[in-house]
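The same chain A turns up in both complexes below, where it pairs with chain B and then with chain C.
Presenting the complex of A and B:
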């Protein structure tokens, strides 16, 4: 599974375009994502991947790359 | 997520030699937030109960239960706005606080009463405050909350 492509798919489902989603894309400044929208993204990632994102980690997400890294790490843990 | 109390951060560590300590600036003591109900409704429809479970504490979910769908949504929107407004009063001191660190209960006269987790209470005091006040207002399409700390 290509985690990055899967995260792009999730965010596409929420209304973002592929070309907006680079690793350095800043969620708030570049995409206008506020805290309420971020929590939906986190829940969408949880549901898509079957993972559980710690609530404390949610506040540390700054870039699209952070989301990919989190999903990648949690999937690695899940798959052992 | 573990209970916020279980995630309480240890006391601030001393900075490494040569590193500048990051001292939060003065907290504003005032916070306002607005939530568009239609946007929140769309997110709830897409994500189901998982969204409310992340945004609200179990007590808040119980408080918002048993009403019409419209009232449940208004209740959720008001609490989301209130939690954000409270966090904003703390400025940088509130960084790292999560949705479950601020719980909005209902007082004897229906007024919103903020209750803080242990670490949120600590952040309040580190910001130089001892008291929070909160007001929430609803219209069909928006919920607005204003919080003050002093």
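Presenting the complex of A and C:
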């Protein structure tokens, strides 16, 4: 499973374009994502991967790469 | 009050997205021709409803707005943001350039908030639990969402309000806009209303409130809404948005704006009446709002014409109360029976039509008015549009549940 590609697929479903989504893309500054849209994204990732993201524990997601890294880590924890 | 003091409020732009089509010209042509835009509802299964007909607007938000924005907002916000853009473009205004952002205001009338979005998310809440609900539920549903999103879209930083006064909401928004200008709180105000009532719950609310016309006899969908007709039975509602650009006359003239006409007066009153309906039965209280808006008899009346028998009859009584013996000679029309009652957008639609009709000297007809209800004694315009002669002023009447009355006087 390529986690990065799957995160792109999830964000495409929310209305982002593939070419907007590079690891260094800053969520707030580059994509105009606010806290409410971040909740939408995190919930969509949770549903897609069957994971549970504790947003307080994860701290602030700053870039697209942070989202991929989080999904990657939680998936590997889940799959043990 | 009348707006005859040192300054006056003028209209310099119109945006309209309605069942008649995109733009104020489509609305005017439809009203002038007495066309009907009301059809059987196909947006949702309305077969079990007493009123299975409505005014549906052919508007795909994805043609005009970004996908992410469309996903996080309700249809009433899509209609409002698009129509606000059209109104500003019509007035050749760029906020932050033509007019300062903090001197620009927004006043929105709305009755039912974003139920299309809200219903879908509540269904998820009750079937799949809290994690399934869009985090945008609160901000998409609430009635000030169009106002807020217009301000964000246009970078507007001046006074902004949403008015909830049932079907008179849009008239209140126009009055609020004019007052903000006259009090010096803004130099330009976008004022009007929006409604997206075509969701199963929203439509049911209109029905259970006793406002909606019922499917009856052999009448087709376009024939159910019959203001002042002996067969009147309530309104057929519609979705859409109408916004006007309002400015003080000096401001409009200084920037060389095209002036469409004047919002020359207004008046409000509240019936405070029960039982049966919340409509005061003699029309005296509504008459006070009419006279406040237009102390002299206007040349033409764009009636509220809800088609609800108690409202139609009392509206006629009120015109006689307000303007005495001459009331029976005033041309009275309710063109909204052709494209549907736009609820929060209704008064702005009537104001826009009045401003367009006056220079043409063509009073658009009341659609479906075949046999005038006896006992009202009004000169109802029906069949086809007709001239009014030297037509300088139009009274627009707007009323809502709770006995809310708001009247506007438009002048060319």
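Keep this in mind: the second predicted complex is superposed on the first by the 77 of 80 C-alpha atoms of A that agree within 3 Å, B and C clash if a C-alpha of one lies under 4 Å from a C-alpha of the other, contacts with A are read in each partner's own complex, and residues count from 1 in each chain.
Heads up, the rule we're going with is that a contact is a pair of C-beta atoms (placed from the backbone, for glycine too) under 8 Å apart; a residue touches a chain by one contact, two chains touch by 3 or more.
Because the structure is a prediction, the values reported are computed rather than measured.
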Looking at the combined model built on chain A, do chain B and chain C fit side by side or clash?
clash
Per the contact definition in the header, classify A:44: touching chain B only (first), chain C only (second), both, or neither.
first
Name the contact category of A:56: first (chain B only), second (chain C only), both, or neither.
first
Between chain B (first) and chain C (second), which does A:16 come into contact with in this model arrangement: first, second, both, or neither?
second
Which partner, chain B or chain C, touches more chain A residues
B
For A:76, is the partner it touches chain B (first), chain C (second), both, or none of the two (neither)?
neither
In the superposed model, only one of 132-140, 204-212, 222-230 or 240-248 in chain C has C-alpha atoms clashing with chain B. Which one?
132-140
Considering only the contact definition stated at the top, list the common interface residues of chain A for chain B and chain C.
14, 36-37, 39-40, 43, 46-47
Which chain A residues qualify as touching chain B in the complex?
14, 35-37, 39-40, 42-44, 46-47, 54-56, 58-59
Could you pull out which chain C residues touch chain A in their complex?
66-68, 70-72, 131, 134-136, 139
If we count contacts the way the header does, which residues on chain A are in touch with chain C in the complex?
14-16, 36-37, 39-40, 43, 46-47
Parts of chain B lying in touch with chain A, wherever the complex brings them together:
1, 7, 35, 39-40, 43, 46-47, 50-51, 54-55, 80, 84, 95-100
